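Per-chain numbering from 1; labels A, B and C assigned in written order.
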Amino acid sequence: MDHHEQPAPLVPPAPLSAVELTAMRRSLTDGRLAVTRRSLLRAGGALAAVAGGAAALSACGIAPAGRTDAALTVDHSAAEKRIHFSSWTQYMDVSDDGKHHPTLDAFRRRTGITVDYTEDINDNDEFFGKVQAQLANGQDTGRDLIVLTDWMCARMISLGWIQPLDRSQLPHASANLAAQYRNPSWDPGRKHSYVWQGIPAIIAYNKRATGGRTVDSVGQLLEDPQLAGRVGFLSEMRDTIGLTLLDMGKRPEDATADDFDAALARLQKAVDRKQIRRFTGNDYTSDLEKGDLAACVAWAGDVVQLQSDNPAIGYAVPKAGYMTSTDNLMVPGKARHKENAERLIDYFYEPAVAARLAAFINYACPVDGVRGELAKIDKELAENPLILPDQEMIARSHSFRALTPQENRAFNQKFSDLTGA
Amino acid sequence: MTHTETPRSSGGDVRLRGISKTYGSFTAVHPLDLTVPAGSFFALLGASGCGKTTTLRMIAGLEEPTTGTVELSGRDVTVLPPYKRQVNTVFQNYALFPHLDIYENVAFGLRRRGIKSVKKQVEEMLDLVQLGPMARRRPQQLSGGQQQRVAVARALINHPEVLLLDEPLGALDLKLRRQMQLELKRIQTEVGITFVHVTHDQEEAMTMADTVAVMNGGRVEQLGAPAELYENPATTFVANFLGTSNLIQAEVVEAGGEELLLRAGDAKLRLPARRCSAPARSGDKVLAGVRPEKVSLAHADAAGTLAEGRNRLPGRIKDASFIGVSTQYVVDVPGLGELAVYEQNIERDGRLVPGAEIVLHWNPAHTFALDADQDIDAGADLDEEAA
Amino acid sequence: MTTTETPAPPERPDTADSLEIRTTPVRKRLIPYWLLLPGILWLIVFFAAPLVYQASTSLQTGSLEEGFKVTWHVATYWDALAEYWPQFVRSVAYAAVATVLCLALGYPLAYLIAFKAGRWRNVVMILVIAPFFTSFLIRTLAWKTILADGGPVVGALNHLHVLDVTSALGITEGHRVLATPLAVVCGLTYNFLPFMVLPLYTSLERIDPRLHEAAGDLYARPATTFRRVTFPLSMPGVVAGTLLTFIPAAGDYINAELLGSTDQKMIGNVIQSQFLRVLDYPTAAALSFILMAAILAMVTLYIRKSGTEDLV
């Protein structure tokens, strides 16, 4: 790294780096950036899907999202040694030749259960639209295990579309789940879900763009005139509002509608003053890398990857606290292989397996006792608090409270207005 | 432009000096000098690819000559773009503007020259070509013949010094073509503009033009009035391309006088010395020619009754086809090959049937002779191919 | 003409001849409809049915949990329009500007390909289409690199003080282009340019070059030839190109999302957010309908105005 006075020319329009590509690929498909061609299709498709065919068309209405009697589900796990696992892209370890998932192969060798792993979840809302009709009608979606973000899990659990898990099948999971994740308000006691990965939302900045200064609070993001026009916030409502609430001394765990409005007003002020450049999905990574964004709210997993490519990228965990959302494993209603799915969940809570996964995908690992295993793979990663949070880090972690459907709708409406649409 | 009632403009003359056109290594037109007199109806006749259209386009300014100059009415226009030349073109397939109606097509040239009130002239012109009622139609709603007349009107309304016509009748059927030939000739006579007409149809050229230039391989083979070309072809190409010729390999036996004496096979042929376009000394090879309609047939039995002094060849009728006004015979002449004979059906001799031994005879004055160093079949089949 | 030879044929309805005359055409007349059937079914299933469904959705009220019922709540339309008219206006404005830019850039390009490119025609053509080989999203993201604050383009524009002018006009923001109206319009223009070039090229290429010669022969200078002959004859391409550019551009949301800021959001972004985030399906459906109706009205007017029906 050179120490010239003047900032090095901000990134020339070079080919996209691997991280950016990865981020982009994810952003193309990630629900956090709901800008995908597919989501456009979905806009049309949702109608049709929600319709559930021509019958609903003539009925002219959308049936209320009903409850599924999950108890009636018959488990075929013993007879059919397989499991259908739907997840997101770039969310599983991959062998060097790109054709295998070593952890899943190891699982098969050990248990004889074949995992049909499909990366067919691109967007929480899109996926919801896709399975909504089936789950509402108490039908099998063909999936035994799905990964969705916590607020969507909350919605689906409250709709009764998720099978409760059998604790006795989950010795490792119940023992090793990190304490901070054990009791979310939307699934007390983790009866229906286990964390796949934690997604801390923190502050990242580009030292070249800030002139070497650190940016370590949301207040600074919102008010520092030197950052004017080069600040990014996430288009993910809970992360952006949550961090703002924390900076205002409020706890997102029990924020009221007034608190929400206050945070929103604070953000609106920054938008009006042109302090905030954009609300972004995953595409913030390339902006930050180039220095178009000097500082922004960022997801920790991206930060780990960005830092490994670009030493100018720094991050800060705000003293006031940060938001951690989670992606969670769940067994949807009528899934045929619940027990197999539970064995797979439990398998990923074995520290050695969790370490392999964490080393590969760099998100916050929700499993206790992984440090030693991860150190065997990569010492540096094992010391990275974004992957394996230390006590101080854990103490500052917050999550958004479960919102009622009415709140969800109202908050999202207001947040959409904030972001211009 | 004047708005006065000028008399129909008389045409200008066209002078091409040393004009040529090459595309890469291909020479479309060899250096060429040509003068088209003012007010004449001039035809450039030749098979496709002979350079006639290229020559026309160089006059129009649509092609830039590789060498040489183009003069219109004594003014060098070689470097002028088309829109600055007092020349208009009737394009092959007409190139009418499909987005404009007939009226606007015809008015196009006037409007481009800034003439505001075009109504009277356009209507007059449409009347001239008998398309008055069609003024508001689009070109694609007209028949081929009507489109052709629009193309002529669109060009003529500008009173160009020279009107160029590029195969203007090529797309019409035979009957309509005949009609339009007369029509064009009438218009030309009426307006007095110089017409340069490109065609591959020798009959069309001969019917319409005062002067015909026969082109072949980028060169003018012969230039002259139609009858002159027909009667006195200077090359085998002209002899074959214009009508049909019987060409016979012969050797000069006697030269120097008013008459040449030739030997063809065993026969002796005579012709006026001035009708031999090749230098002829005793012993030289020439091609003796005679048009089929000049030749008469006599049954071998009647050979003795023929007048003295006629050229004669003995032969046998190989084929006879009756085509109404005449009968066309193919006669096999031993040692000389097949000759064609067109006999008027006036007094038909019943003995003249295939297989009959006969004597061909004709007036020596109708014989011509050409340089033997040419392809004897040049231009023979081109007419049909092109048509 | 003699009439003796041709007595009128008596009516013989019972003969095989007349039977055939009557039946064959019927069967023949049906053939086109059979051939149309797949297309019609396709339209019904993927266009008409969703449209009807969308119409019904826009007239519903309710929530995801309680279900949506048709209540003929037409007010959704007024509310949506009242709330989001700025985004509507913005969408139309951006799309219109992008269409004009596409025409300004695309016409010379199509002209060159059609008349001047010669044997390079196919190469240039492929270059025009080449961007389609990557995804829309990647192409748009690439513009974030091109227009990066520290990139050479913005550097040059700043050096020439162009951005001072554009910022004063409100189409850029300070010394940057990204996250401004200019960036969004650039993205739209770039992304839809091929939709302009291809129809333009097709209609230019169809023009008989002899028409240009004829115009020149009839005293039209090159510029006049273009104005009086080439351009009018390319009108079908101009109309098709502007429609193919304007319609998707007006409904686009990706350019605004990636290259714009909060003040550049278009109606597509609103529809998307109503559908996906707010789960207010009726409002989203109503917005879609308003957009569709507005575009349809504009297109109809445009085609009438341009008077190209008989040329198309």
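What to note about this one:
To be clear about the criterion, a contact is a pair of C-beta atoms (placed from the backbone, for glycine too) under 8 Å apart; a residue touches a chain by one contact, two chains touch by 3 or more.
Given the structure is predicted, the values throughout are model-derived calculations rather than measurements.
When you average the Cα atoms of each chain and compare centres, the chain farthest from subunit B turns out to be A.
Of all chains present, the one whose mean CA position sits nearest the global mean of protein CA atoms is C. Averaged C-alpha coordinates put the centre of subunit A at 36 Å from the centre of subunit C.
The centroid of the Cα atoms in subunit B and the matching centroid in subunit C are 55 Å apart. Taking the mean of the C-alpha atoms as each chain's centre, subunit A and subunit B sit 87 Å apart.
Shared contact sites, meaning residues of subunit C that touch two or more other chains, are absent. For subunit A in complex with subunit C, the residues that touch the partner chain are 9-14, 16, 24, 28, 34-37, 39-40, 42-44, 46-48, 50-51, 54, 57, 60-65, 123, 125-126, 159, 229-230, 237, 271, 274, 276-279, 283, 286-287, 290-292, 405-406, 408-409, 412-413, 415-416, 418-421. Per the touch definition, subunit C reaches subunit B in the complex via residues 208, 210-211, 213-221, 224, 228-229, 232-233, 235, 311. Contact residues on subunit B toward subunit C in their complex (touch as defined above): 60-62, 81-83, 87-89, 91, 93, 95-99, 108-109, 112-113, 154-155, 158.
Subunit C contributes residues 49-50, 52-54, 56-57, 60, 62-70, 87, 135-138, 141, 144-146, 148-152, 173-174, 176, 178-179, 253-254, 257-258, 260-266, 269-281, 284-285, 288 to its touches with subunit A in the complex.
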